[in-house]
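For reference, the structures are reproduced in the following blocks.
Okay, so chain A shows up in both of these, paired with chain B first and chain C after.
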Partner chain A sequence: MGARGGLLTASRAVTGRRPLVVILAVLLFALGALAPAHLVSEFVLRLGVEGLLLGMLALSVAFLMRQAGLVALGAASIYGGVGYLFAITMSEWDLSPTAALFAAFVIVIVYAAVLGALIVRTNPLAFMMLTLAAGEMVSHGVMLEGLRDYTSGADGLVVNFQGAIFGLQAADFASAPRFWPIAWSAAWVLGLAVYATGRSRFGAILRAVRENEERMRFSGFGTYLPRLIAFVFVNGVAAVAGLLHVLNSQFVSPESLGLSVSTNALVASLIGGAAGSIGPIAGGLFFAFAQDEFGAHGFTQLLTGVAIVVFIVLFPRGIVGGLIEAARRRTYLAPRRGEAP
Partner chain B sequence: MLEIAKLSVSYGRVRALDAVDLTIRGEGVVHGVIGPNGAGKSTLLDAVTGRRSPTSGAVRYRGEDITRKSVAWRRRRGMARSFQRTSIFQDLTVREQLSLVARHLGDERAGDVIEVMNLGEYLDEKAGRIAYGVQRRVDVALALIGRPQMLLLDEPGAGLSAEETLNLFLHLRALVRERGIAAVVVEHDVDAVFACCDVVTVLDLGRHLATGAPAEIRADPRVISAYLGSAA
Partner chain C sequence: MIALLIANSLALASLLIMLSSGLALIYGLRDVINFGHGALYMLGAYLGYSIALIGGFWVALVASPILLALLGVAFEYLVLRPLRGRSHIEVALVTLGLGIILGQALIFVYGGEARGVDAPRALAGSVQVFGLSYPLYRIFLIGMGLGSCGLLALWLRFSTSGLYVRAVSQDPSVARMMGVNSDRLSLLVTSLSAAFAGVAGVLAGPYLSVDPGMDVTMIVNCLIIVVIGGTGSIAGAIVAALLFGFVQVAGSVLLPDLAAIAPYVLLMAVLLIAPRGIGRGRVLS
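Here is the complex of A and B:
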C-alpha cells in the first residue's frame, strides 16, 4: 500500500515533546496572566497592554500577509472604527454595553465583507492601495462636520458606559492591573485561533491560492471566496483588538483610525516575525516598549526608523523567527514542515 | 467526447487560432497535437480549458457547450490539464498539494496517481526543492487527480530527455487505456508523439492542417512540407 494508503494522511509524526510543550504553554499562560500585576509598575503594565493590543492587530495583518500574500494598510480603520461604533450604538440606539459590543462587531464584519467583496479580486498592489484608501476615507469620515454630533470630530469621543460587560465594570477595564489578564487571555485566544486557521485545510488552500492561483483554478477550486473569508476573518481579529482597546482606554479619536496605527501593526509583525502567532504579538510588545524608550530620548521617529531597518536587515524572519532558526541550528533540530509556531 | 467548432482566438490583430474544427474521441485514445512554433497548439489547449476566451467558435464537451464555463467548472466536470511551464505549488510538499486537490475533488483513490507517476519517495519534499523532471511529474499528477475524463497536457516532455519523454508517454498511454479516458497531448518531440499517440493533429499558423493516424500524418505531403521536412 505504502504511498497509496498514506496519501491523504499527513505525515505529522507525533513527537515526544508535544505534552511538554502543552504543559509549558499552560504554565506560561498562567504565569503571564497573573505575575506581571505583582512584579511590575502600573506604568509598565499599561505599556504592556498597549503592546498586546498592537500585537493583536499585527496578528491580523500578518495572517493576511502570510497566508494570502496580501498587505492591508487599513487595519486601523477597523481597530478604531469598531470603537466609534461601540460608542455610537450605545448612545444613539440605547443599547447596553454588551449589546453595543456585539452590534459594533457585526457592523464591522458586514463592512469588511462588503469591502472585501470589492477588493480581494485585485492584485496585491492594488489591494494594498485600496485598503489604504478605504482606511483613509474612514479616518477622515469621522471628522466630517455633519457627523460631529456623533463622533466629536478631531477632539475624539469619550466612551462612558454604565453597567457590566461579562461581569466586569468600566473601572475594571480601565485599570491596567485588572485589564492585563484580559488582554493577555485575548491575545492567546486570538493567537491560537489564527494559528489553528493557518494550519487548517482552509489555511492550506489560502497558501496554495497565494502561491499559484491559476493552478488552483485548474484544480477545480474557486479562488475568490477563500480570500474573501480570510479578509473578513482578519478584520474580525482586528475588531476584537479594537473593542478591547476602546474598553481599556474609554476614548476613541481619529488618530486610532489613522495610517500610523496600521503601519505600526505592519512594522510590529515584521519585527516580531510574520510566520506564526507568537511573532506579531511579541513584535507588538517590543514596539510599544521601544517607542517609549525612544520617546524618552526625544527622537521617536528617527530611532524607530533606524530600529526597523536594523531589525529587518538582521532578522528578516523577525525576532521570533530568528530565535527559532538559531535554536534549530544550535540543537540540530530538523526544520518543521509548514509554518513557524 | 470533445468537439471544437470553428474555434478562433486572436491576440490583438494576430490570429493565433483560425476557425479550427476538431473532434477528440474518448475511451482510451491519446491524441497528439504537433506543429511548428506559433502554430497555435498551446492556444488551442488554453481555449479548450478556459484559460483563454475564444474570439469565436464553440467548445462542446460530452455534448454540452462549455465555451463560456469557468476553468474550475470544467475541472470539476473532469477536464484536467498540465502546463507548458511547470505549474505546481513550490512551497507545499508533494503530499500536501496532491492531498489538497484529492480531497477537494473527492478522489479517495488518489494514491494510484503517486504510483503511476512514481512520486512515492518525494511525498514529504517541498516541491520547489525537487529535480525539474520530478516537478514535471507532479504537474501531471495534479492533472490526474480526480480521475478526469479528459486530460490535456501541454508539452509534458519539456525539460526532459528524449528517453524520459518517451517513458512518460508510455506511462500516459497505459493509464489512458486502463482508465478509458481521452488525452490530448501537445508536444514538440515528434518521435514520442508518433510512437505513442493513436491520432495526430497538425496545426500550422493557427489553422488545422491534418488529422489522422501517425502513419498517415508522416506520409502527408502537406505536413512534410509545413513541419516535418525531410526528417520525416
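Here is the complex of A and C:
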C-alpha cells in the first residue's frame, strides 16, 4: 500500500511539473532563436551555426551509439555527400533548389538503406569498420577522375542556387544572423524527433536488441529490421544537417566528407553525452568554440583525439549527462524509464 | 604483363599482411580492433626515415620494430589492461583517439610534406626474373612479407605459446579455465603486432612514400582486409590481403579511373556473398 501511494505521488509530481517544463522549453526556444543575433558578434554567431550543424550530426551518431550500440564512423559521407547531390541534381537535372533538396535527400536515404541492408547484420566492431570503409569509399569516389566534371575533384564545388527555398534566398542562408534561427529551429525539431524515437516502443526494441540480440530473436522479435530502420533514420538526420550545411556555406569539398568530420561528430556526442538530445547538440556547440580556440594553432585533430580518449576513459556520460546525473543524485530523482542506470 | 601484375600485387600484399595479421592477432586475444594500428605503422615509417638518415636502412629495419615493440608493451599496460572491464567498442574508440593523437604528433614533428626514402644500395637495382626486369627492392619486400607470414604461421602452429594464442582466440573462457594466462599472451601479441607495424613502416618507405595521410589509408585498407578475411582469422587475413593487393594493383592498371574504389567494391561483393568473410573468424558481438 505504501509503495503504491509512493508511486502515485511520484507520478503526480512528474505530471504536475510537465506544463512548467513545456513553458520553459518554449521560452528557451524563442529566446535562443531571437536573442543571439542581437547579443553577439557575427563571428561568434557563425561559430554557433557551425556548432549547431555539428551538433545535429552528433545527434545522429549519438542515437545509433546509445540506442543500438553501433558506432558509425561514416557520418561525414552522408553530411557532405548530400551537399554534393544537391549541387549535382541542380546543375545536371535542372531541378529547382527545393526539388533538388528533396531529390538529394531521397537519394541519400536510398543509399543508406542499401548500405544498411549490407552492414547492420554484422557485429558492432565490424559495423564500425565497415562504416569507416564506406565513408572512405564516398570520399575517394568524389575524387575519381571520371566524375571530375560533376564533382570538380579536390577543388570542391561552389553551390550557386537561384530562386527561393521556402521563401528564402541564397543570401539569407549565407548570412549568419538570418541563418541562426533556421539552424536553431532545425536542431530543436531533430532533437525532439530523436528524443521521441528513443522513448518510443521502437527505441525500447532497439535497446533490447543491443543488450541481447539472441534473446530478442527467441522472444519473437525481428532484430534485423529495427537496426536497419535505425540506420536509415540516423542517416536521415545527418542528411538534414548536411543540407543545412550546404545551404549555409554554399560550398562542398572532399574535406566535408572526410574521416575528420565523422570523428568530430563522434567527439561532439561524447563531450555532450550521448544519452539524450541536449548532450550532442551542446557538445557540437562546445566543440565548435573549442576548435576555434585550438584550431588557430593547427591542433584541431589533436583536440579530437584527446577528447575521444579523455571522455571515454574519464567521463563516459559526457558533460550534460554528468550534470543531469549530479542533479538527480541531489534531488533523489529516480532514473527515467528507458534509460540505463 | 600478368606476371608483373602478380609481382606488384604481392609486394603490396606483403605490407598489408604484416599489418592485418597484427590486427587479427590482437583481436583474437582481446576482442579489440586496434584503430590506432595505422598510426603505429606511420610511426614505424617516420622512425625508419629518421634512423635511416643517421645509421642507414638496415639499422632502421632493426631499431624501428624494437622501439615499436616497446610502445606495444606500453599500450598493453597503459591502455588494454586498465580498460579490460570496458566494452570492446569503447576500447576500440580509445585506440582510434590514441591513433589520431599519435598521427598528429608525427605531423607536428615532421611537418605536412611527404618524404622519400631511398632503397639501400644493395637493393637499389633491378634483376631479371622469368625474362622480365623487376626492382630488387620489391623482391626483398615480397620476401620479407611472405617470410614474416611464414614465421608467424610456424610460431602459431608449432610453439606452445602459439598453441595458447590459438586456444584463446578460439574460445577465451575455456582457454582461461584450462589455465592459459591470456594477459601474458596479450603482452607478447601486442608487442609483436606493434613490431610488425614497425617493420611494415620501414619497408614501406622506399616502396610507397612516407607522408601524413599514410595512417588513415593503411588502417582503412587493413580493416577492409580483416573484414573480408573474417574478423580475427589470421589465415583469412593473409588470403584477403593477397586478394586485396591484386584488386588494387589490377584495378590501377586495367581501370585507372575506378581504381580508388576497387577495394570497396571488393568489400561490398564479399559482404553480399559471405557476410562473415572468407576465413573462419570467430563471430562475436
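The criterion applied here is as follows: the second predicted complex is superposed on the first by the 306 of 341 C-alpha atoms of A that agree within 3 Å, B and C clash if a C-alpha of one lies under 4 Å from a C-alpha of the other, contacts with A are read in each partner's own complex, and residues count from 1 in each chain.
Here is the rule we use: a residue touches a chain if its C-beta (ideal position, glycine included) is under 8 Å from a C-beta of that chain, and two chains touch if they have at least 3 such contacts.
Predicted model only: the values in this text are computed from it and were never measured.
Engineer: Based on the superposed arrangement, let me know which partner A:Phe299 touches: chain B (first), chain C (second), both, or neither?
Structural biologist: second
Engineer: Just to be sure I read the superposition right, which of the two partners does A:Asn123 touch: chain B = first, chain C = second, or both, or neither?
Structural biologist: second
Engineer: Would you sort A:Arg207 into first (chain B), second (chain C), both or neither based on which partner it touches?
Structural biologist: first
Engineer: Report for A:Ser41: first if it touches chain B alone, second if chain C alone, otherwise both or neither.
Structural biologist: Once the two structures are laid over each other on A, A:Ser41 reaches no partner at all.
Engineer: Could you tell me if A:Gly222 is touching chain B, chain C, both of them or neither one (first, second, both, neither)?
Structural biologist: In the superposition, A:Gly222 touches chain B alone.
Engineer: In the three-chain superposition, say which chain, chain B or chain C, touches more residues of chain A.
Structural biologist: C
Engineer: Please indicate which partner A:Ala133 is in contact with in the superposed arrangement: first for chain B, second for chain C, both, or neither.
Structural biologist: Once the two structures are laid over each other on A, A:Ala133 reaches chain C alone.
Engineer: Determine, under the contact definition given at the top, whether A:Gly69 touches first (chain B), second (chain C), both, or neither.
Structural biologist: In the superposition, A:Gly69 touches chain C alone.
Engineer: So which positions on chain A get touched by both chain B and chain C?
Structural biologist: The overlap between the chain B and chain C interfaces on chain A is empty, containing no residue.
Engineer: Under the definition above, what is the set of chain B residues touching chain A in their complex?
Structural biologist: Against chain A, chain B makes touches at 49, 51, 70-72, 75-76, 80-81, 83, 87-93, 95-105, 108, 110-112, 114-115, 119-120, 123-124, 126, 142-143, 145-146.
Engineer: Going by the contact rule at the top, pick out the chain C residues touching chain A in the complex.
Structural biologist: 27, 31, 33, 83, 86, 88-90, 92-94, 96-101, 103-105, 108, 216, 220, 223-224, 226-227, 231, 256-258, 260-261, 264, 267-268, 271-272, 275, 283-285
Engineer: List the residues on chain A that touch chain C in their complex, please.
Structural biologist: So the residues of chain A touching chain C come out as 69, 71, 73, 118-119, 121-126, 128-130, 132-134, 136-137, 140-141, 143-146, 213, 259, 263, 266, 299, 301-302, 304-309, 312-313, 316.
Engineer: In their shared complex, at which residues does chain A touch chain B?
Structural biologist: 1-8, 10-11, 201, 204-205, 207-208, 211-212, 214-215, 217-222, 337
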